[in-house]
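Please read through the structure below; I'll follow up with questions.
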Amino acid sequence: MALPATNFDPPFNVTRASHLVLTSRDLAKARDFYTEVIGLKVSDETATTIHFRGVEERAHHCLTLKRTKDEPACERVGFRVFEEDDLEKAKAYFDAKGIAAKFVNVPFQGRTLHVSDDAGTPLELCARMKTQPRQHTRAHEHKGAAALRLDHMQVLVPDVASTAAFYAELGFRVSDYYCAGERIVATFLHRKGNPHDIVFMTRAGPRFHHVGFVVAEMHHVVRALDCAGNLGFGDNLEHGPGRHGHGHSYYVYLRDPDGHRVELLLPAVQIIDIDDEPVRYDLEGTNTNLWGPPPPRSWFEEASPFAGAKVREAPAGDPLTLEKYLFAKTPKAEVVKRRA
Amino acid sequence: MALPATNFDPPFNVTRASHLVLTSRDLAKARDFYTEVIGLKVSDETATTIHFRGVEERAHHCLTLKRTKDEPACERVGFRVFEEDDLEKAKAYFDAKGIAAKFVNVPFQGRTLHVSDDAGTPLELCARMKTQPRQHTRAHEHKGAAALRLDHMQVLVPDVASTAAFYAELGFRVSDYYCAGERIVATFLHRKGNPHDIVFMTRAGPRFHHVGFVVAEMHHVVRALDCAGNLGFGDNLEHGPGRHGHGHSYYVYLRDPDGHRVELLLPAVQIIDIDDEPVRYDLEGTNTNLWGPPPPRSWFEEASPFAGAKVREAPAGDPLTLEKYLFAKTPKAEVVKRRA
Amino acid sequence: MALPATNFDPPFNVTRASHLVLTSRDLAKARDFYTEVIGLKVSDETATTIHFRGVEERAHHCLTLKRTKDEPACERVGFRVFEEDDLEKAKAYFDAKGIAAKFVNVPFQGRTLHVSDDAGTPLELCARMKTQPRQHTRAHEHKGAAALRLDHMQVLVPDVASTAAFYAELGFRVSDYYCAGERIVATFLHRKGNPHDIVFMTRAGPRFHHVGFVVAEMHHVVRALDCAGNLGFGDNLEHGPGRHGHGHSYYVYLRDPDGHRVELLLPAVQIIDIDDEPVRYDLEGTNTNLWGPPPPRSWFEEASPFAGAKVREAPAGDPLTLEKYLFAKTPKAEVVKRRA
Amino acid sequence: MALPATNFDPPFNVTRASHLVLTSRDLAKARDFYTEVIGLKVSDETATTIHFRGVEERAHHCLTLKRTKDEPACERVGFRVFEEDDLEKAKAYFDAKGIAAKFVNVPFQGRTLHVSDDAGTPLELCARMKTQPRQHTRAHEHKGAAALRLDHMQVLVPDVASTAAFYAELGFRVSDYYCAGERIVATFLHRKGNPHDIVFMTRAGPRFHHVGFVVAEMHHVVRALDCAGNLGFGDNLEHGPGRHGHGHSYYVYLRDPDGHRVELLLPAVQIIDIDDEPVRYDLEGTNTNLWGPPPPRSWFEEASPFAGAKVREAPAGDPLTLEKYLFAKTPKAEVVKRRA
């Protein structure tokens, strides 16, 4: 199975993963979680919608929460294109490919192109957002993790090679990929010069796995967890803190009150040069973290649905879960410990 | 079950938990672990014995590792008394109580009193050690966690109230204690003005549960884990990082290559005043951490034997283990997640 | 000039430096500084008095600010004795020495003994304070440096050897001392097992130089400075961050809105053992910091008066100030730099 | 004076500031500084040349030190272009402009284009370098600041508007600029999506002011300074730690043993979107830092020469130096402090 080749002369200029839209059954509770634990700022709120941004972001929002009475879902994964003109080029490109794409107007971001990738993930592209001054130096107003900005999103899809090819054609580069034998089971794709704007892992999908926010230092993660523990969100910690084996960064995963998954990560490595070739990692049922146990089963199995997307099944995987890891951890050979 | 009253006019002046003696089947591997991950300095080493100290410590050693071909064990838990004269007073006290105590000569610490507590934990008391300059500012020579100093030790005993009474008579104060119903199941005892020099938990014993070393900041814990992961000790991480609910500090627990358990903790709270009364915590089968899941079963069940100590059984407890916690973690009520 | 010998069988049991009383011309502004930058909690406030405590402290207050229309001053430096009975012993001791000492009643701390040391520093001793739960784990409510607790105070006196002798007789131990030639020019004295409860430096006095609060990690110092910069207290940063050459800890010095000096420091080294002998440092007009330039002239010259204390002159010193350091810093010998 | 407009369809694709060449009179001493304090890794060394890279970098070198017996100088400021083909386009562009540009072969980076900007700054462009695995997770081998990567360089030029225009034509965007009245006195220019690949300040030039390396967290800066203090480089600390008022990041400036200036900074803000307009800062002789005093006179006046570049004078500025700041810092109005 071949890694898709990046089109270095893409039809339009996507610059970065920039925002997403989630639905929530309890906006007030979700607001608490995102402001007090994750530390996002509220840019705008009404009775039915809240727009959040990271403390560093000039852009109006990186997360839009909409009230729902239905099952919480991810409505859209959003990318920025560089200029308005790129939206026209994108529309023309998708039209030529026979991929349905339509312009809509979205509050605070204006003309926006709605389209889906080959897995059915609902996307949106926009060139501009309302801006306001960055707040990252206003430490006296920071809360929780004081998350700086949205960094990437991870989506579960049944065929990562095919989906990665869709993005590679749009100029995305692969920084890392995971193989199970010769099968590619995960791809990390980026436009902005770090390891990931969007990550795909093989599983029934499309389903929304997580959004990653960058925090400045590890102590911001610790503060977020202290706040979570104090504010009734202690059990929302699903996995971590730990360090990924591929070395992008340190991580922790939390579940928001609606079950959507959020990663807090430290600033990841820079990847810009032409000779920064994709790095392959082979999964062999072992713990791939540099340290920290593998994720629990929930991390592998649970994800948010995409509104209106039809889920296709995926080939069965057999990841090493925390549950298996604990079960397999045999007593140290060096010493037979007495069990009480 | 009553908490023992501290004797504020103790028969001799114990100042702090200061050192311990462990045995190891592979000194070279253990040396790597303690110098490269925990970051202790080697004060002296021979083919059969290594003495370590924390980077801040002027005292010659806080940990003595002795080579063994038998099951690794803890030989002694060591305390400092303030002056030589306190050793005499201690001997007289134990003699009067009919508790066997004898003087021995121990390298680098001179005249040392060997005695056991009421649970059978082998102790030793000394007043002096060879000194050398502190190394805590020599950052260019620090490794791993750059552990500053030994802080406390935890011992499993079948009757914590009885054992705590032995120490309370020697002037130890209780900072915190855990109850299961009205039964006291854990006591934190101190002399040096923080929450713990020695901690007892109810379980078959006496058995050695862990030694706690203080590190300066959380990033030292992270560096220790990075080093552990790089040097083949990644799976030695047993529990954490997390934060205890009683708020002493942040923690992580590792197992050394012989299975002995080591805690790295941040500097704990100061407890000095007369009106700093013991704080009670009630265990109710819930996760008592501020954040972080409960410890795995191994943390509750596995411990190092004390050389020559006879283990007595304890009343059965039913702690919430990580395994139970994972099993019980029901899907979020707010959203029914599709499972792949 | 000889270092005073510690009386290890002191007439009463002082346990630690615990609190101080300062006066302020603008309570509202001072409140902002201590809560938003230093991060203390308000325990009680009226129109004329505010009591503060560190986030870790169970004791009701470590700092009392009283409104004044006069020159801001330090009214008292406070110590804890262990038990009520120690207050009686202290009174008897001072009476026997012919040192004026009288009992007063102080809100939230009850019976309190007022006395002055041999330099005229107004002191007070108490055994108890009202308590309340520690707040150190309530990170969501922390501000600024989230200072944990009062650690020590520094006082300028004309004859440090004489004043140190006063405290040594009360059981204080010297951790470190500075010499200029054979003259002792600074002494660090402690009771609680770290380098300092009270520090004396040679200069006209008695005058109050600074109070030191412990913060948990360096990032708390950084956050405090970010908050200071945002809230109009940026120029209150007088010196640091840097690291003292004696290695106690990292430091930063700020001036409160009334000009009183506050140090934020990281947890200092532990000093408990009998063989932890005083360490001598020789000042030779060089920068004694491990890193960071020497303090500015203001740090050496400016201090708060003690209410009612008569200042005596001191032998002239000639410290290396930041101003001199900058002046003396000659262009690097390795390269002749062109000056614009 | 107008800010130059960015050419968003540049003649060739410069991707980032990537490397520089400095000369040194004492390679061994400089090697110590860069490996033990800054924490760079040595990629290659001979008797006359050392190549260094940051611990995160896959590229072979970000700093080349060459032995000299002359005055230490900066030989070249290096940028990456994306592809080999961009080098051809660059050559054609400069030829068409009548700007001398020639290809040379440079070890470990192959075909390289030498050219100078309009101020006479010697530049070089290359598309590829030898690669090797990133070392950023190998914490057990990290030293000093463990600098991750080169971030930017700052150059003094007599006419920043003119020089900025040269780069704007090549696609560089202005993130921030400083004005003194209506005169632009500093411009921050970038290609890679953060505030700066190259910064220009008004002063006689071209002269090399500093190279900035990114470190992961503030404690890496602290460790670097601890190492500097221990290894005889304590006085090499010129300015900081502090936080710039424009909020890019925290900083510290050190001088290497040859007098070349190095900044350590935390990861800066992300700047990618079209609507992230340049931000103007007006200098008015005040301290522009969020906290920390202004830089000393040496920071404003001293810089390394560029090998072979002719220096032109600049209009006189009157920056607020640390020396002036200290002189002007009047005693607090709130309280008249007694001076000893």
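By written order: A, B, C and D. Residues from 1 in each chain.
To be clear about the criterion, a contact is a pair of C-beta atoms (placed from the backbone, for glycine too) under 8 Å apart; a residue touches a chain by one contact, two chains touch by 3 or more.
These numbers come from a predicted model, not from an experiment.
Q: Chains in contact with chain A and with chain B: which ones?
A: C, D
Q: Let me have the rounded angstrom distance from the C-alpha centre of chain B over to the C-alpha centre of chain D, please.
A: Computed value for the inter-centroid distance: 48 Å.
Q: Taking each chain's centre as the mean position of its Cα atoms, how many Å separate chain A from chain D?
A: From the centre of chain A to the centre of chain D is 33 Å.
Q: Roughly how far is chain C from chain D, centre to centre by C-alpha average, rounded to an integer in Å?
A: The mean C-alpha positions of chain C and chain D differ by 40 Å.
Q: Quick check: what residues of chain C touch more than one other chain, meaning two or more?
A: Residue numbers touching two or more other chains: 137, 217-219, 226, 229-230, 243, 290.
Q: Tell me the shape of the graph of touching chains, choosing from line, ring, star, complete and other.
A: complete
Q: Which positions of chain B touch chain C when the two form their complex?
A: 8, 15-16, 18, 56, 58-59, 80, 82-83, 127-129, 131, 134, 136-137, 148-149, 192-193, 216-218, 243, 247, 266-267, 269-270, 272-277, 290
Q: Which residues of chain C touch chain D once you look at their complex with the stated criterion?
A: 25-26, 71-72, 156, 203-204, 207, 218-219, 222, 225-226, 228-230, 234-235, 237, 241, 243, 250, 255, 257-259, 287, 289-293, 296-298, 300-305, 311, 313-314, 322-323, 326, 329, 331-332, 334-340
Q: Tell me, which parts of chain D touch chain B in their complex?
A: 36, 137-140, 143-144, 217, 219, 223, 226-227, 229-231
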